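Letters A, B, C, D and E mark the chains as written, and numbering starts fresh at 1 in each.
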Amino acid sequence: MMMRRKMVLRVVSKLLIPFILLFALYVQWHGDFGPGGGFQAGVIFASAFVLYGLIFGLGTLRTALPSWLTRLVLAAGVLLYAGVGVASLMLGGNFLDYDVLAHNPLHGQHYGIILVEFGVGLTVFAGIITIFCAFAGRAAADVNPSEPEQAGDTGND
Amino acid sequence: MTFLAEHIAVLVVIVPLMAAPLCVVMRCGVASWGWATLVAVGNFFLSIVLIQHVMTNGTIVYDLGGWEGPWGIVYRVDEVGALVVLIISAIAAIVLPYAKESIEREIPKERHYLAYCMMLLCIAGLIGMAVTGDAFNLFVFLEVSSLATYVLIALGSDRRALTAALRYLILGTLGATFYVIGLGMLYMMTGSLNMTDLASLLPAVQNTGTVHVALAFIVVGFGLKLALFPLHVWLPNAYTFAPSAVTAFLAATATKVAVYALIRLIFTVFGDVDPLESYGVRPAVMVLAIAGMFAGSLIAIYQSNVKRLLAYSSVAQVGYMILGISIGNAPAMAGGIIHMFNHALMKGSLFMALGCVFYVIGSVKLEDMAGLGKRMPLTAAAIVGGGFSLIGVPLTVGFISKFYLVQGALTEGMWPVALLIMLSSLLAVIYVWRVVEVMYFRSPAIGCEERSEAPMSLLVPTYVLLGAAFWFGIDATFTGDIAMSAAQTLLGGSK
Amino acid sequence: MIEYAFPGLLNYWIVFLLMMIGLYIVIAHENLIKKIVGLNVFQVSVFVFYISMAKIKGGTAPILADGIEVYSNPLPHVLILTAIVVGVATTALGLALVVRIQESFGTIEDDEVREKEEQDK
Amino acid sequence: MNIEIITSDLLEVATLVIMGITGLAIARIRNLFAVVMLSGIYSLMGATLYVILDAVDVAFTEAAVGAGASTVLMIGTLALTSDRELATPNARTVKGIFVCTLIFAALVYGSFDMPLYGDPLAPVHQHVAPRYLGESMGEIGLPNVVTSVLASYRGYDTMGETFVIFTAAVGVITLIGRARRKKSGKDGGSGS
Amino acid sequence: MSPETLILLSLAIPFVGSLLLLFSGPASANVRDGLTVITAIVLFGVVWHLIQIVDAGGRPSVTLVEMLPGLSITFTLEPLGMIFAGIASFLWIVTSFYAFGYMRGHHETNQTRFFFCFAIAIMSAIGIAFSGNMLTLFVFYEVLTISTFPLVAHSGTDEARRAGRVYLGILIGTSITFLLTAVIWTYVEVGTLDFRQGGILAGNAPEGVIAVLFGLYIYGIGKAALMPFHRWLPAAMVAPTPVSALLHAVAVVKAGVFSVVKVSVFIFGLDTLQNTGASTWLAYVAAATILLSSLVAMRKDNLKARLAYSTISQLSYVVLGAMLATNIGALGSTLHIVMHAFGKITLFFCAGAIIVFAHKTEISDMHGLGRKMPVTFFCFFIAALSIIGLPPLGGTWSKWYLALAAAETDQVIFIAVLMISSLLNIAYLMPVVLYGYFGKEKPAAHDAHDHGHDDHGHHAPPEHPLLRHLTFGRPGVAEAPVLCLAPIVLTTVGCFVLFFYADRIRIFLDPVFGG
């Protein structure tokens, strides 16, 4: 583990991470009223995990967030967004017409926006984690001399 | 059925778009392939419904989110748009069945499902570009398709695929950003992003420097995406080193969609009067188009890698499309439009045939293809057939395009242009014939004389597309009608 | 119109200059990471251009509140939110490609890569 | 003239100038680590500027993404490659300066007909935007107009944007992801 | 069967035949050759039937496909085309027999591809003959070019490939650059491409356009081998002799000049050409081609090359007739298509027989060969006389009408050209015969060739009786085998017969040139 001995970092980050997550949730659900929304929330939420990964190692992060899970979340986010659109199609509106989601168009809009923002948040969160892990995983492989990369190779898997 | 008819414009986009995440969830190459193929074929039928609907009921305007333009995003599908959607989904429905064997040979197994996911995203992005009526939405879907394209190209088995993808990424992003700058200026002058709305607002500010510069930026931006000479530098390597199935798909669709988007922007957004004329850029565009026709063909003649040869030929063919637009009368414009369709058919089938070659002999270098006529008679015949189309031999689609183009040039009295078109076809004869000669009149290298044809799963899709290239060359009424009426609509503003 | 005399168009010109710095980095530098940084600079400058045009002097952020009359235009903000995301997505992909190029060619200088490509022929 | 407005304008121009200096530094410096840091600072300055220009949502995003995520990714890339840039050939410099000057001239030419900065009568403030500002409360019911436009009026764009992120993430896995079967024993290798 | 069906049938027969022999070819050479003959005979039967229908005044027409409104693949029969179709299909039978003897005697490879392309070439010749509009003609014109390319490059040697490139380059180059431009231009001017008696451009286009268009057409039809686009024809002589005989003496080149006549008559109208004078300068070009290529022919020692230049010269007779733009001139042209076809195919057959069975290609090596191959040389002599234009041989009539036309238009210079050309014909054709009969054999050269021949014999399987040298029971005679000799004799007889039937052909053509 690269940072096993850095006690201060470990303690501070352990304290910090819950607050970051909380802030992300606030940004996610408060975006309708102030600045913020799914996108920013997703990034912040992910940053907490990135921090975790940096301090405690990629393997530990992957135990908490296995790759199948991030992929599932990644797909679930976009599908949730598009799914809201399909739902409004099914309910007789145009694609992404939230008016039909509830009896009152205003409520419908509200539900719709909350749902799609959530979808955005999920995808962005999972996306950033995925990208980070890919780069970090590559770095971990890079220091491993047992796997020389051949020129012209499509890549090792 | 009314549901289908009502929402068909958006369905053609979201079906492949929503299918893509499922591929990632599956994590299984064969299952993803089956799923992607199913979706592509389904989408092909949807696009047939779409074009029928457009042809009977006229242009579809679909308000996404129920917000009408210019406040929301609208989809606006006219005849050409529907034709472009049909091209994309038809090519996808043919390339995907083909892709299985080809991708299994060229891409490591763990990445298959990712490749299919990217394929679906690319399809959705391209279709989204074709149907949108919102100038900024165009950018978003341009990026969806572009990002997927970069990844697909980088999957090629040669390491040069990586650099090809990165260079394309850099130039493509520059192009897209140029477009965004141009669009920003238009928005600044009009306050709208909706294409129809822009068209009605632009005449008032048409003579401002801002709008002129905006047009220039949009043309350069899309010029990069559609490989307009001399902005084509990314294309040859990208097509050469991408996996065969990807090359076939991209060559058949990507540049055409960009051309179509440019046509839309120039003629419907700027189109209150003939924009090329009123902005005084007709000669420049025409010169670039002709230069592209000749430069592309001339460079193609000297290539020793056949994929690369065809890639340069694509640069030349894009020149034809742009030339058709720049001449500015209905037949020439129809020629440009119909060539988008026709070129998709011929280049698609040619690259698929080359994929067969690569599958069997592991190379597409000219010298390695010696004696191919004997070793792989069906594949070689397909290459010859596609080559005829490139030349523009009658009864192939290439002839129809050239007929319209030359007709347009002559109607306008530009007979030197007509002669130049013909001369550039001669260059096509030369590069096609180089390949044919090597395949049929040179003996194969020692040790590979025996016959070994590509598997049926590769050959059948190739021949389906090739058959289409002949079918629409023999009976061009369908495509000709659409192109002609679309051309008249596009130019309608100028009369 | 005196209150619009400053900065007038000056800020747009500076923004254009910023764009050109980005573009220059993309064109003139061989290092692939630097090219991608250049793309970023270019794009951020374009974003600034959009956001600048949305501004109304004396306006406030478009979050509706009582007692405020003048809001800046929210639409470019939305567009740029999207564009930022697209930008970072492109950057991520570009960097992934750079990593692969480094692994395959052993360098990320475009001219050196090109030399090695010549040898592949 | 309102003193607040003048301050804001001065602040804006000053920030732009700082960004310009940062940009030039990025172009000149050959230590890539510094370049990446400067690039982050450039984004951060951009975010500051967005706040001045009333675009708080954008500023928030730019700070999180441009200054945060992008920089992390770039540093990650540097760790995998090298942090020195070699000298640039002169021919390229000349070409770059030539092209950029040309485009700059075009842009400046185009700017002469633009509405002045901050003009409330500019077309952008007349056509579509007033409807968002005026009607969104009644149609959507949210005070943050940016959210209304983002998620509802132009919700489809946002969906496209989400798919862009999705594409990029999947693309990155495709390019540099590692398969499950390899290196399961090591802490770093089993990622994505 | 209705005439319409017959039209399609006559295109389908060679096509289907070609496909059949493509698949049967590898199985058995005899089956393949049998198929070729049957296809050829059936085709001629159908064409002959159609000729009679046309003679009776029928003008059947059928549209195969409509590519775009106003652009269709249409076949319409009229006498001019029937003449061409008749010659091509009749001579195909003859050539088939000859080709078996030749190809087997020569032990050629890739025979299946050879006969396949041959059949496709014949199909396109028929298509050209039947075409009802300019587009159809153009389509089949191109198919003919492409299908004959493999025949030219047949041997696959560097020389053959180079020749193939010249062949394709000139023919495709001219046809795409000039002819296609002209076709589309015509369409732009008048909105139709249908052949019509009196011409579709007549009165529908400005004079300047007509002049330019006509030039484009005539030079676009590279197969007419008008100078300076004649180089492909000598180049094509690397092909096996049956190809040179049927295609480069009959089908391909005649397709070219036939197209010239057809364009002059049905697109422009002879009256239009006469009134605008658009064709005058081309008449001079044709005259120059006649003389120049005759002069070149005299200097060629290679027999096939000499015949090739002779063909170029003779083709320009046809072009000249059309350029004179009178009915008599055009009639002379059409007749010359027929007469020259029989004469030249005989000459090529003879040349082929000499190449295969005496292994001589250069005229200077043929001294005394007439004594060894008496029949071949006699036939060569007769055919040469027909080309020169002496009675009682077919060639007389065509030159007669051409001269008449020149006189009619008061262009005496062309009469002089025809006369000089006839003298030149004598000068380059007669020496072959004279050397053959009266020259002294060169022993050294003879030995070398004989040796080569023996070599052949070693590797070749036992020869079929039809492929054995005929000796007529006389020592020193080693005549070509029956399979080759019979076609030669037949076409020679044809030259005679045509002298007596020329008027019948004129009557047949009356509906076109009757005015």
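Everything that follows uses one rule, which is that contacts are C-beta pairs under 8 Å (C-beta built on N, C-alpha and C of every residue); 3 or more make two chains touch, one makes a residue touch a chain.
Predicted model only: the values in this text are computed from it and were never measured.
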| item | value |
| --- | --- |
| Joint neighbours of chain E and chain A, given as chain labels | B |
| Interface ranked first by C-beta contact pairs | C-D |
| Chain centroid nearest the full-protein CA centroid | B |
| Most distant chain from chain C, judged by the mean position of its C-alpha atoms | E |
| Chain whose mean Cα position lies farthest from chain A | E |
| Averaged-CA centre spacing for the pair chain D and chain C, given as whole angstrom | 5 |
| Centroid spacing, where centroids are CA-atom means, of chain A and chain D in whole angstrom | 20 |
| Geometric centre distance via CA averages, chain E-chain B, whole Å | 44 |
| Whole-Å gap between the CA centroids of chain D and chain E | 73 |
| Set of chain D residues in contact with two or more other chains | 56-57, 61, 65, 69, 73, 76-77, 80, 107, 111-112, 114, 122, 124-125, 128-129, 132, 143-144, 146, 148, 150, 152, 154-158, 160-161, 163-173, 175-176, 179 |
| For chain C, residues contacting two or more additional chains | 19, 23, 36, 53, 61, 63, 75-76, 79, 81-82, 85-86, 89-90, 92-93, 95-100, 104-105, 120 |
| Listing of all chain pairs that touch each other, if any do | A-B, A-C, A-D, B-C, B-D, B-E, C-D |
| Residue ranges of chain A touching chain B (in the complex, touch as defined) | 68, 71-72, 74-76, 78-79, 82-83, 85-86, 89, 93-99, 151-155, 157 |
| Complex contact set, residues of chain B against chain D | 17, 20-21, 24, 64-65, 67, 70-73, 110-111, 114-115, 117-118, 121, 124, 128, 134, 136-137, 140-141, 143-144, 147-148, 150-151, 154-155, 181, 185, 187-193, 201, 205, 208-214, 216-217 |
| Partner chain B, residues of chain E touching it in the complex | 65-69, 71, 73, 135, 138-139, 142, 146, 150, 153, 156, 160-161, 164-165, 168-169, 172-173, 176-178, 180-181, 184-185, 187-188 |
| Contacting residues of chain B [partner chain A, same complex] | 3, 7, 10, 14, 17-18, 21-22, 24-25, 27, 62-66, 107-108, 110-111, 155-159 |
| Complex contact set, residues of chain C against chain D | 1-25, 27-31, 33-34, 36-38, 40-41, 44-45, 47-48, 51-65, 70-82, 84-93, 95-100, 102, 108-109, 111-112 |
